[in-house]
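Labels for the chains are A, B, C and D, by order of writing; each one numbers its residues from 1.
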Amino acid sequence: MHLAISLEEVAEMIPDGARVMLSGFMGVGTPDGIVRALAEAGKKDLTVIVNDAARPHCGVGPLVKAGCVKKFIGSHIGVNPDVQEKMRAGELQVELVPQGTLVERIRAGGTGLGGVLTPTGLGTLIAEGKPTVEVEGKTYLLETPLRADFALIAARSCDYVGNLTYMLTATNFNPIMALAADVVIAEPEEIVPVGVIPPDAVKTPGVLVDHVIKRAA
Amino acid sequence: MHLAISLEEVAEMIPDGARVMLSGFMGVGTPDGIVRALAEAGKKDLTVIVNDAARPHCGVGPLVKAGCVKKFIGSHIGVNPDVQEKMRAGELQVELVPQGTLVERIRAGGTGLGGVLTPTGLGTLIAEGKPTVEVEGKTYLLETPLRADFALIAARSCDYVGNLTYMLTATNFNPIMALAADVVIAEPEEIVPVGVIPPDAVKTPGVLVDHVIKRAA
Amino acid sequence: MKDLIDFTKMDPKEIIARRVAMEIKPKTLVNLGIGIPTLVSDHLDESMGVFFQAENGAVGMGHRPPEGMTDRHLTDAGGSFVSAVPGASTIDSAFSFGLIRGGHLDLTVLGGLQVDAQGHLANWMIPGKFVPGMGGAMDLVTGAKKVIVAMIHTAKGQSKIVQTCDLPVTSQRRVSLIVTELAVLEPRDDGLHLLETGPGVSVEEVVAATEAKLVISGDIPEMDLSQTV
Amino acid sequence: MKDLIDFTKMDPKEIIARRVAMEIKPKTLVNLGIGIPTLVSDHLDESMGVFFQAENGAVGMGHRPPEGMTDRHLTDAGGSFVSAVPGASTIDSAFSFGLIRGGHLDLTVLGGLQVDAQGHLANWMIPGKFVPGMGGAMDLVTGAKKVIVAMIHTAKGQSKIVQTCDLPVTSQRRVSLIVTELAVLEPRDDGLHLLETGPGVSVEEVVAATEAKLVISGDIPEMDLSQTV
């Protein structure tokens, strides 16, 4: 059972310099309240693992704009001019990871696997300096697992056990990131009584979730 | 769209010597109609990839009893005396795979990954003859991907697009095996009209399913 | 009346979209990239039963809903609103890329910055200028059963079809087909074959607009867009 | 009245189950193996908020439902009917072992054929005799945060706690604790420590029944089962 906490409490909980996974895809399925709270709290030197840089006003955008992010690990930054600009100015480190590799590295980090053996990226810039492994006559790139101090998740529904559901394409990285951080914090659109979400509808079992966000009344 | 086919058609489709994935856990979530049809058709020399040998009357049991199986790849055979007996008599090859490794090898086979890097099995009999890979100072066993000619799946509901839902612990290996075979055949408990299963309730998208079984009237 | 359309005067992007649509088979799973590839779905008959997949986990996307009926929980990989066709499903990102990398995707259509005579695509960065990132493109090009590059033939007067990419490539895998407004090209072991010319375009015009050496054998037909919708 | 129970006359399996139950912390995720481990849940207060997980994908299993209310879609890893507690969820096998191998499982309680002084467990085969297979045991022992072996101390008069396993081991990882009806033992770097004796059992009796060399330092208390339910 979890007592819901406030956005202010989340902002206090996450220290400067933390390594944070942030869910969402072009800002869809991102916990916007948490992002706003961290930006307003003026966090510094965060490393953010997130699919994409979205746009300045959504997804990780407000955190980048507020100067909270030291390092960005993700797959796409093409439509956020802030990120392009800060990267060129040397204010933001960017590590690009192919999207399928990114999600699989997070899954490996969350499920106790030692890494990912993928054909994606072989023979490209992405493969430079990385070991390859041959399996049954084929060559694969060995990509390492990713974990974070915090995973910041957006859910559709949540109960007080911490069970989460997601809605449509707002699912994306959420269930995978919920596996791969020391502390998992979920921002749901609604909190429902325990026992109301059917077991088969739960996409993230509550045992993975440490805190859920209280909704504004 | 799929026209539902009969059990007899499935039995005709699967040749002697085929490599078959069979879902289920102690017989729960196994497509029992397909198993029965294959046993009755007197199939020979099948290689079956399945979590466990269940009991003589359920799961893969009837196939083993009918002498259809040449090789069993799975994690547990402790409560099926037929399997123990045939194994000792040299009539059945048994390859034991830790359960978590088994499902992850199937997932790798189904999702284009080159293998599984797992700590499970290190320092045990299971590791003998297998390569290990060191990642960030830790050693992992490299286990190869598994695929099959056919995956035989049990579903709760199905539509004519082939979308599948599963129920409770009858889910188990079903959604993973549906990724990892050349031909995927699903035996649902009910077939419902297209558009009736909500997108978020689909556990196996129909694009993965080749055939669904017509239910007896 | 289809045969009254003058395809030589058609918008280049629409020529490309129509020609790519001809490559799509019924009942397949298809991923369309941002830009010109997105236009392809406008030229398919819905009765074909093609399912459109997006990296963000949509399987069975339909057109943008009417104004006032969009929902921020249902978008394509570019973040644009879409609808769900009957039989649609939504999956998480790991599952989505499992489909892509695992060979379950029949076709991906992508834009490109450059393609070379070996069939290597470059579409994720221009060093020192603009770095959008690869998003899902590296997985798509590596994993889809068939890869079509759909793009305008030239950029700022320069051929985008080059002998060897000088931009960083997206995959070491050879793409299946290149469709521009001027040509349909297929990279094979023995070089980059010119299969078709664009409406009203001569072979000589294609050669002149193309940096890469082309293999031209026999008569080269013009794209036949007359059956497209 | 708890203090009137004579624990020395209690069924050995119940002694073990009660003592293991004392190791379980509130609000944790716990996997109980077949046999004696399954009995442990009978000795936990439901208000503790412990969630029981099974390899087959149940998270939040409850007791077997009354006759006539069972359902073949809801079973534990042994195939026995269970119920779903409020807040239960069901996941596929890949997710289930993701929890197990990924360190999300707080505790696993398993039976054993042998455990040795180094804390290695053997519980999946007796070469030439009986090969049940490891099922999920190798993943559980390798991945759970804490591993408790719960078993009868001896089999056919032979100690199951040996100096070095002669049966194939389940994991190279050291288990956390061994609980039998005679003793609580903890494998550490410097050997196998005797922490507690069973009800009415002397240290000498434990030593006599144990093949492995034990580290015995100071007074060894008896199991205090008086607070168990």
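Convention: a residue touches a chain if its C-beta (ideal position, glycine included) is under 8 Å from a C-beta of that chain, and two chains touch if they have at least 3 such contacts.
Nothing here was measured: the structure is a model prediction, and the numbers come from that model.
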From chain B, the most remote chain by mean C-alpha position: C
Approximate Å spacing (C-alpha centroids) for the pair chain A, chain C: 30
Inter-centroid spacing, chain C versus chain B (mean Cα positions, whole Å): 36
Intercentroid distance (Cα basis), chain D paired with chain C, Å: 57
For chain B, residues that touch 2 or more chains besides their own: 104, 107, 112-113, 118-119, 166-168, 171, 199-200
Interface hub residues of chain D, defined as touching at least two other chains: 84, 90-91, 97, 100-101, 143
Contact pairs between chains, per stated definition: A-B, A-C, A-D, B-C, B-D
Contact set on chain D toward chain A in their complex: 27, 29, 49, 51, 53, 59-60, 84, 86-91, 97-104, 143
Chain A contact footprint on chain C (complex, rising order): 54-58, 71-79, 84, 90-94, 96-97, 100-101, 124-125, 130-139, 142-143, 168-172
Chain A-touching residues of chain B, taken from the complex the two chains share: 104, 108, 112-119, 133, 135-136, 138, 140, 142, 144-145, 165-168, 171, 199-201
Of chain B, residues touching chain C in the complex: 1, 107, 110-113, 159-161, 163, 179, 194-195, 197, 199-200, 202, 205-208
Chain A to chain C touching residues, read off their complex: 25-29, 51-52, 54-55, 74-79, 84, 87, 94, 96, 98-101, 103-104, 107, 118-126, 156, 166-176, 203
